[in-house]
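Chain IDs A, B, C and D follow the sequence of writing; residue 1 opens each chain.
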Amino acid sequence: MSQVVSTRMRLEERVKRVLGSRGALIALLALLIVAMWLLAAAQGIPGQRLLSLLVRGVMLGGILALGAIGLSLIFGVLRIPNFAHGDMMTAGAYLALLALSFLPLGAPLGPFSFGYELLVALVVAMPLVGLLGYTVDRLVFRRLRAQRSPPVIMAMAALGSAFLVRSLIYLFWGADFVFYYTGRARPAIELFAGIRVRPDQLFILGLALAMIVLVYLLLERTKMGKAMRATADNPELARVTGIDTESVIRWTWLIGGGLAGAGGIMYGLDAQLRPEMGWWLLLPLFAAVILGTIGNAYGALVGALVIGIVWQVSTAFLNPAYGPGVAFVILILVLLFRPQGIFGRPGGS
Amino acid sequence: MALLTIEGLTTGYGEMEVLRSVSLHVEQGEIVSIIGPNGAGKSTAMKAAFGLLKPWQGSVRFGEREIGGLAADKIVRLGMCYVPQTDNVFPSLTVEENLEMGAFVLDGAIGPRKERVYALFPRLAERRRQRAGKMSGGERQMVAMGRALMLDPKLLLLDEPSAGLAPLLVDMIFERIRDINDSGVSVLMVEQNAKKSLELAHRAFVLVNGENRMDGTGAALLADPEVGRLFLGG
Amino acid sequence: MESTAARRTPPRVEADGAQAALLRVERLSKDFGGLRAVANCSFSVRAGTITGLIGPNGAGKSTLFGLISGFMRPDDGRVYLGGEDITGLPPHRIFRRGLCRTFQIPREHKSLTVLENLMLVPPDQLGERFYNPLLRPGAVRRQERELREKARDVLDFLTLGHLRDEYAGTLSGGQKKLLELARTLMADPRIVLLDEPAAGVNPTLMGRIRDRIVRLNAERNITFLLIEHDIPLVMGLCDPVIVMNQGMKLAEGPPAQVQGDPRVLEAYLGGQYGAADD
Amino acid sequence: MSDVVLVRSLLLAIPLAFLATRAMPRRLPPAARLVLGVGAGWLAALALVLLVPVGIMAYLVSFAIVGSIYAVIALGLNVQWGYTGLFNIGIAAFFAVGAFTSALFTTTPPTGAAAAFTQQAFGLGAPFLVGVLAAGVAAGVLAAVVGGPTLRLRDDYLAIATIGIAELVRLIFQNERWLANGPQPFRGIPQPLSCLVRDAGCPYLPAPLMELFAPLAPRDYTYVYLAITALFVIVTFLVLERAIRSPWGRLLRAVREEEDAAAMNGKDVARAKLQAFVVGAVIMGIGGALYAHYMVAIDYSHFDPLYATFIIWVMLMLGGSGNNRGAIIGAFVIWGVWTGAAFAVDALRPVLAAISPELPARGPYLRLMLIALLLIFILLFRPKGLIGEERFVSRHTGEREA
């Protein structure tokens, strides 16, 4: 009798183990993309359009990655589920807008829709967003850490900060959407094989990749980057080793915030600026972070690319408004099958 | 003057008192071992020595400086490093990066220090690019000790360096501890493995139920049948 | 030695003494990122005994409790309770089969009173369904009254009666240990796993805990498996005693035999300490 | 005293009598508390109706209606967060699903020319109470779907998943015209018992009762609706108080505090959480239904994260999570702060205009800032809220000894 029970359980356990494996999750995601592709093809959508969407998906993934990497770092190093991360992206976009208003308007650079002044604004806005994050940490999170508040309370404080930041944006810029360059034409060009994208989007992709490379170098090559990874691994050990946790916290916010700011500016350049844009991005960001395993910056990049691609390709046959909904579906699939994400260890989180 | 002096230390976690008026000291150049049955408060004594627990009563002094409750990075700068019993490496960092983290408080070049650690643990030199999380228990212990040695401390605190290791590795680790001591580093260690640690230690303190029970030279305690009785309650 | 023998003979359900083995662990293993906490560990606990589980720090005792009670999944191996395979079941289902455990560091429900902590335990309470207190208040009240009586009996038995209406979070360390034991008694368990019942408990209270374990074992036929660092307590209370070292069973036998076993001494003290003495 | 004053005061007496009864000293026998409380409540209602100018009174009544609706939702959140520790930041989803479900159940599909302007998936023309029930069921089912995969996992995963479902629900109601008129307002949601204030009367009520309400004019309908929402608050409060003091509440609090210990005591932690999540969501759905029937016309924009999620969190955190009285008090206080701040901002218009010409139009966002700051201050300095959690031994023990 008991042997029968035991074999049945073993099968059940085995099935669970297979379903929860890394390969199964990757296969599931691949299947999802292929299924979408087939669905689109069945509706008679030309392959060229799908390829264009794929390229755009990679670009969107790049933007999301800028947000997701910082979110994952803050999650991993500081143990804060930063629900204000989306609004930090928004803040970056609007701070760049503010900087633009002080700069003389230059001619568009080459095929792009923007001039040198946007690059200046980018350089100005990024550290400001980092500083914003660090300021909130000093005023709010540091106190909560001292009180040994659980992550949920941190999350709630982050939510409060998110609404605070957004209220300031509403106050300064109002609720309507704006463009960095109102009325400037942004024609798409043909890359090759009929793939059409806007030059701006290529720039965004290039910039996102460049920043990701920078972050990689920072995390792998610099002392502070290594200390951040060490703190994410084991904060207690980092402390007794003598790592200056205060400066790790500072740099985590500066880097995470700076990347978020850049992501917001890129998103604003691609679409338009809205006070709610960061909130809408929050769900895809979290989905990317969980898909790529919390605390793993490279995982966040992979997760962001997957979600960007699926989001864009889904627009071939789905109302584009449902983009964040697609991210939600991926999130639920990951939570169902492999909550620790692609790069996580089983049992760990 | 003693390197580390603990006097009449009473402390614990939350409301639970673990140590009652414990005193011990480490002189320059010594290996001192704290032994005692499970639950005697050995690891707690170690944590208190490193300033991780605030003394309720009594004092912890490093040299002449009172360090009870001082921040860890300050203590590390004074020249005392601590190797916890478990979770004592950064698993996603490579061996080399783990060592670099040990020297975080230093600003200058740390190449020579790394080479010194590699000389002590050639095994680590072979695997310097490997992630610490993928290493065996003995190798991890070496990484952890090597990391603590990066600062060239005056005093090294080791919490059960042999826990969970196979006998051969235990011998190896104890030999390394002797090497470390020979290079001029004083060592305070907590050990489950009483026999081996008494053989190694110049002096030892026996804690039972959070109180000092016996102390003396390693050899004297080794010869004392009372110690065995304390452990197995015979 | 034991472990090599176990490897050679395939595990069989009807092993020696299977009738009496209430809890049986077969070749259980658990790794934590490269560290082998429990390694191919096999033993069984006979019904009606108070079995002690001792071993040096890091021997894997608490991990073993976690694996048996369903808080962790073993990487390999099986756990049988009364002949049934319970490997990998969630803790609440293992509990329902009559296995209770306590935690080394007590995990009381702090803002529930001591009485509520106990009344919480019995399974399948009518009132645990949202609608029953509204639709069948009488039946719920009756059941609650029974539970209260039972909880009071248990509290009186364990000398916690006077603390009934205190918040559990305000108890002393030793009282919390007693509360842990009290909660297991609310469930009429077949076997109770105690994780260091005496740690941090003053001698008076410890004597009381010890006395209650003996009485529960004799009067209610509850089997105990207990991890304890207080060796004198274990030697006086338990028979047999199982010694673990390095994640596996090292020795098993009556306390006197285990105490005299050179391998045990070696595990605890290292080297040939005990042998050199004699 | 005119008849209309009497009827208004009777309607107003429902919430006031309940409050007064609860406020009576505990040492009085229950019957005396009831009689005295009802008397005092009615007198207070009478005084209000007589002494406060009609315009201000109308404002206060509509204020109290919205406050009560928020109170219902805050009570639902209290089950999830206060008692079980579930971090749901997608309240808007359950709120919206409740509102639209009840609207669909109680309206009839448009015909003729109107059908060109309003699309809806179905319309059953069902009575108000059926709509409310359906709203609760729909929100509960949604909660089960979201909670199933996430409640087994870490706390923060639920939060993320609930953000997701709130977004998804909003997107669906915004984009799917066939479902509930998409981006256009969904109009014509019936007002329950509005027949009381109309000349035609309610055919299903006995004539003498109709006689009583005869003096009411259509503009008095808010009094009727306040009585309805107050009844919902009272019933929800009483039900939850009872449930929370039962073994169910004990189980939830145990799970909130020490999940492992609860599991080791044989409790199916995931199921307990799911129960609490679903019950809380059902209450939120009912709150949504109350909102829909008050607004008469609703659209997706009513359920944005600010009005439908964030402000409710601040209400509960201010009042004191884990305390049903606190949830209700918090709802009214924050709703008072929110509306009061509107007056303050209005008064400050000249100042704002002096700072920047665009600022007066953006004045409302000052309120958002205020509320966000308030939440942060509560978390930092008064995490238990105005009144902390109550201490209770399960009421069903029948034990109330000193």
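In the analysis below, a residue touches a chain if its C-beta (ideal position, glycine included) is under 8 Å from a C-beta of that chain, and two chains touch if they have at least 3 such contacts.
For clarity, every value in this text was computed on a predicted model and none was experimentally measured.
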item: Smallest number of contact steps required from chain A to reach chain B; value: 1
item: Which of B-C and C-D has more C-beta pairs touching across its chains; value: C-D
item: Chain whose Cα centroid lies at the greatest distance from that of chain A; value: C
item: Separation of mean Cα positions, chain C and chain B [Å, integer]; value: 32
item: Approximate Å spacing (C-alpha centroids) for the pair chain A, chain C; value: 46
item: Distance from chain D to chain B - Cα centre to Cα centre, in angstrom; value: 59
item: Between chain C and chain D, centroid-to-centroid distance (C-alpha), Å; value: 47
item: Per-residue overlap in chain A, given as positions that touch at least 2 other chains; value: none
item: Sequence positions of chain C contacting 2 or more other chains; value: 33
item: Multi-chain contact residues (two or more partners), chain B; value: 91
item: Chain B to chain C touching residues, read off their complex; value: 15-16, 18, 37-39, 85-86, 91, 133-137, 140, 160, 162-164, 166, 170, 191-197, 199, 222, 225, 228, 231-234
item: Complex interface listing, chain D residues touching chain C; value: 239, 242-243, 246-248, 250-251, 253-254, 257-258, 260-269, 272, 275, 279, 389, 391, 393-394, 396-399
item: Touch list for chain D against partner chain A, complex; value: 85, 87, 89, 149-150, 153-157, 159-161, 163-165, 167-168, 171, 174-175, 305-306, 310, 313, 317, 358-359, 361-362, 365-366, 368-369, 371-373, 375-376, 379-380, 383
item: List of chain B residues in touch with chain A within their complex; value: 50, 52, 72-73, 75-77, 81-82, 84, 87-93, 97-98, 100-102, 104-105, 147, 151
item: Chain C residues within the chain B interface of the complex; value: 33-37, 56-58, 172-173, 196, 199-200, 229-232, 235, 246-247, 259, 264-265, 268-274, 277
